[in-house]
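Each structure below is given as structure tokens.
Shared chain: chain A. Partners: chain B in the first complex, chain C in the second.
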Partner chain A sequence: MKITVTTAEKLNANQLKTIKSAISKKHPKLKLDIHEKLDENLIGGLQIMIGSKMYDASVKNKLAEIKTQLIKLN
Partner chain B sequence: MDIQIPQILFQIINFSVVTGALVYFLYKPLNRMLDDRSKKIEKAQRAADETIQEREKLETEKKNILQRAEREALDIIENAKTAGKKQKQEILEEAKKEAEAQIKKIGRAWESERKSQESQMREEFTDTVLLVTEKIIGKLDKKTKSKLIDSELKTILGKI
Partner chain C sequence: MKKTNFISNFSKTVDAHEFDLSANSVGKIKSYGDGVLKVSGLDDAQAGELIDLGNDQTGLVLNLEEDEVGIVSLSQSQSLSAGQTVKRTGKILSIAASDKIIGRIVDPLGNPLDGKEKITADKQMLLEQIAPGVMSRESVNQPLQTGIKAVDAMIPIGRGQRELIIGDRQTGKTAVALGTILNQHDQDVICIYVSIGQKRSSLAQITEILEKNNAFDYTCIVSASASESAAVQFLAPYAGVAVAEYFLNKGKDVLVIYDDLSKHAQAYREVSLLLRRPSGREAYPGDVFYLHSRLLERACKLNKNHGGGSITALPIIETQANDVSAYIPTNVISITDGQIYLESDLFNAGMKPAINVGLSVSRVGSSAQIKPMKQVAGSMKLDLAQFRDLQAFAQFSSDLDAKTKEQLDRGQRVNEVLKQGWDKPLKVEEQITIIFAAVNGLLDQIDLKNIVKWEELFLDFLRSSHKQLLKNIVKGEKLSETEVDDLKKVIESFNKLHPELTLKTQ
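Our next item is the complex of A and B:
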């Protein structure tokens, strides 16, 4: 399974290990193919794409959510 | 002096004839003329009375007509005043309604404009705050950014 981890700063070894370990526990029978990607636009945090599913915990996404919430308050 | 009977008789007959002639030729025509005159005067008097009565009748009728005309004129004036007051009231009511509608319309436009400006300002403020936040986070040191990744990683891995 292709997994893409996108961050604004390069992940350290411990963080990569934690990711691999956690996904292996969830999908023990699958062979994991992890790709790292750098994107400064994310500002901080990270995005993990597992197959076709995206988990977005980037600062960019959080700021966008905050903006949406603030506009909704109007 | 001798009384001569024939002479006296002649005088009596003569007097009677003269008297009869006078009565016949003078008194009767005069009397008839006086009667005619009297009748003419009476007729003229009746005509005058009738004329006076007619005149009085006409005067009364004229007075009645004038009174009626005056009443009608007053009624017309009164009706015109009432109609004028009613029209004035209607115009005022209409103007008041129009003014109220305009005030409401302007109020709604102001409210809409205020909300629009408020929304725009809020959006601009939000954009500014987020931009500043973005800049601040962007300038964080590597260690802090790494901690941020650790924190978010826990959140993501909890959802997988």
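Our next item is the complex of A and C:
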């Protein structure tokens, strides 16, 4: 399965290693075929796509969540 | 709000918010056009599921294919772009229902259209639901009084029945339905009017009529107007019946009017063609029969063990040039338990409601008719059938024997009695007395032109001085011979009081 890691800034080797171990911990049987992608729009944090599943921990998504939360409270 | 206050509140909300870091099933928009999205990814999306398109917009999954998903957008979706990610929500389409929905106008997604507050859900009702099973149903046994003489006497509708109203444009289809709503004011029936692909101006008109007659105390409108997307129009009747089911579950009797299902079929055809589903006759997709059958199957009469509620459905179909053999009309005729057939020729001849009594039928309603009505309606059908036969025949010959002339006169009067303003529904006991007078020859002496006047005066007379008589009729027992004689005497004495209404030649 294709894995895409999107970040706002380029990852260093150490960060990549941490991410890889986190993924293989969650999906032990998965072959790690990681594609790196840069997207400044994320502002910070990272997005991991595994197949059509997405783990979104980007600052952009967090801001969007806060926005909907605030609108709801209003 | 003070600035510091705002900031502390703000940071509190942000602190309290738990970020969703679980895996989301997402997809990428491959193309978007005419309200239809093709999305790659979304591997585990289910048919009928809602998809979050971002910016508070939602879409509905209709097609599942090997490498893409077909989604129809349920909002304006101006900000969508190719390559954008969309998310599964795991939710199935539903509408917020509560007792407070009565008196409101909502769209098929439950958003208010009348400018009042949002409806808080007591229960989320699924738009697509399997109809009640055989074991929870019982046969139709309670009348649904439309207040229209021609319908209640000859095409009776029972609670839980599905009766199609079919006719060309401008023949009074909506008027029959609206008249029926107006007549439910004292019948303990909740009405839901579903407007599909109608002009907003007509909806405004209908709203005004209902408001003027205080019908909003028991009526709710679900509307997807002509300016709404085809997908939303396609959902409207399901939203209507979902609201009806909310009340059905409480053991209530509900009347749902679908105005109209021709436009609904057209909206579904549009969606289907855009989704590139194979088309069949008249370019409708193969499942257009199922589209209406699964909707109308949800009309039901539940038995006591299941609450005893009912959903009566009055779908409306608009025909083109009286062609009932077109695809959608034949489909819906075969699904429903009968039809009320309206004709423009009759309408133009001044027969209002323009019901063609010969072609209209009700397959189950007669078992729900009250006995006195059955008594008078039987001879009425015969009178009218004879009248129609003779009418054609009498056009050729001028001198008719006395018996034929008598039958013609009788028929004309019975026919005249069936005319009725759509906004003047009559109680069933009042209908019975008038039909009784017509079929028993008590109107033979009344001038044809004065029949309408006679009816008006006679009803005033009954309401003011013979209340007990009306009460006896509405009990539903077969009229005994003395009661029949009493009624005859009342009518005869009334006729004597009003000599101005009788034929001048005598």
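FYI, the second predicted complex is superposed on the first by the 74 of 74 C-alpha atoms of A that agree within 3 Å, B and C clash if a C-alpha of one lies under 4 Å from a C-alpha of the other, contacts with A are read in each partner's own complex, and residues count from 1 in each chain.
As a convention for this text, a contact is a pair of C-beta atoms (placed from the backbone, for glycine too) under 8 Å apart; a residue touches a chain by one contact, two chains touch by 3 or more.
In this text the structure is predicted, and so the values were computed from the model without any measurement.
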*Identify whether chain B and chain C fit side by side or clash on chain A in the overlaid structures.*
fit
_In the overlaid three-chain picture, which partner chain does A:L32 touch, first (chain B) or second (chain C), both, or neither?_
neither
*asked:* Can you tell me whether chain B or chain C touches more residues on chain A?
replied: B
*Please indicate which partner A:T7 is in contact with in the superposed arrangement: first for chain B, second for chain C, both, or neither.*
first
*So, A:K67: does it touch chain B (first), chain C (second), both, or neither?*
first
*Counting only touches as set out at the top, which of chain B and chain C does A:T18 meet: first, second, both, neither?*
first
*Using the superposition on chain A described above, determine whether A:I43 touches chain B (first), chain C (second), both, or neither.*
first
_Touching partner for A:Y55 - first (chain B), second (chain C), both, neither_ = both
*For the superposed model, what is the least distance in angstrom between any CA atom of chain B and any CA atom of chain C?*
5
_Give me the intersection of chain A's contacts with chain B and its contacts with chain C, in residue numbers._
50, 55, 57, 66, 70, 73
*Give every residue of chain B touching chain A within the complex, in rising order.*
115, 118-119, 122-123, 126-127, 130, 133-134, 137-138, 140, 142, 145-146, 148-150, 152-153, 155-157, 159-160
*For the chain A and chain C complex, residues of the former touching the latter*: 49-57, 62, 65-66, 68-70, 73
*What residues on chain C touch chain A, complex-wise?*
10, 13-14, 17, 19-27, 41-44, 56, 85
*Complex contacts: residues of chain A adjacent to chain B*: 7-9, 11-12, 15, 18-19, 22-23, 26, 43-46, 48, 50, 55, 57-60, 63, 66-67, 70-71, 73-74
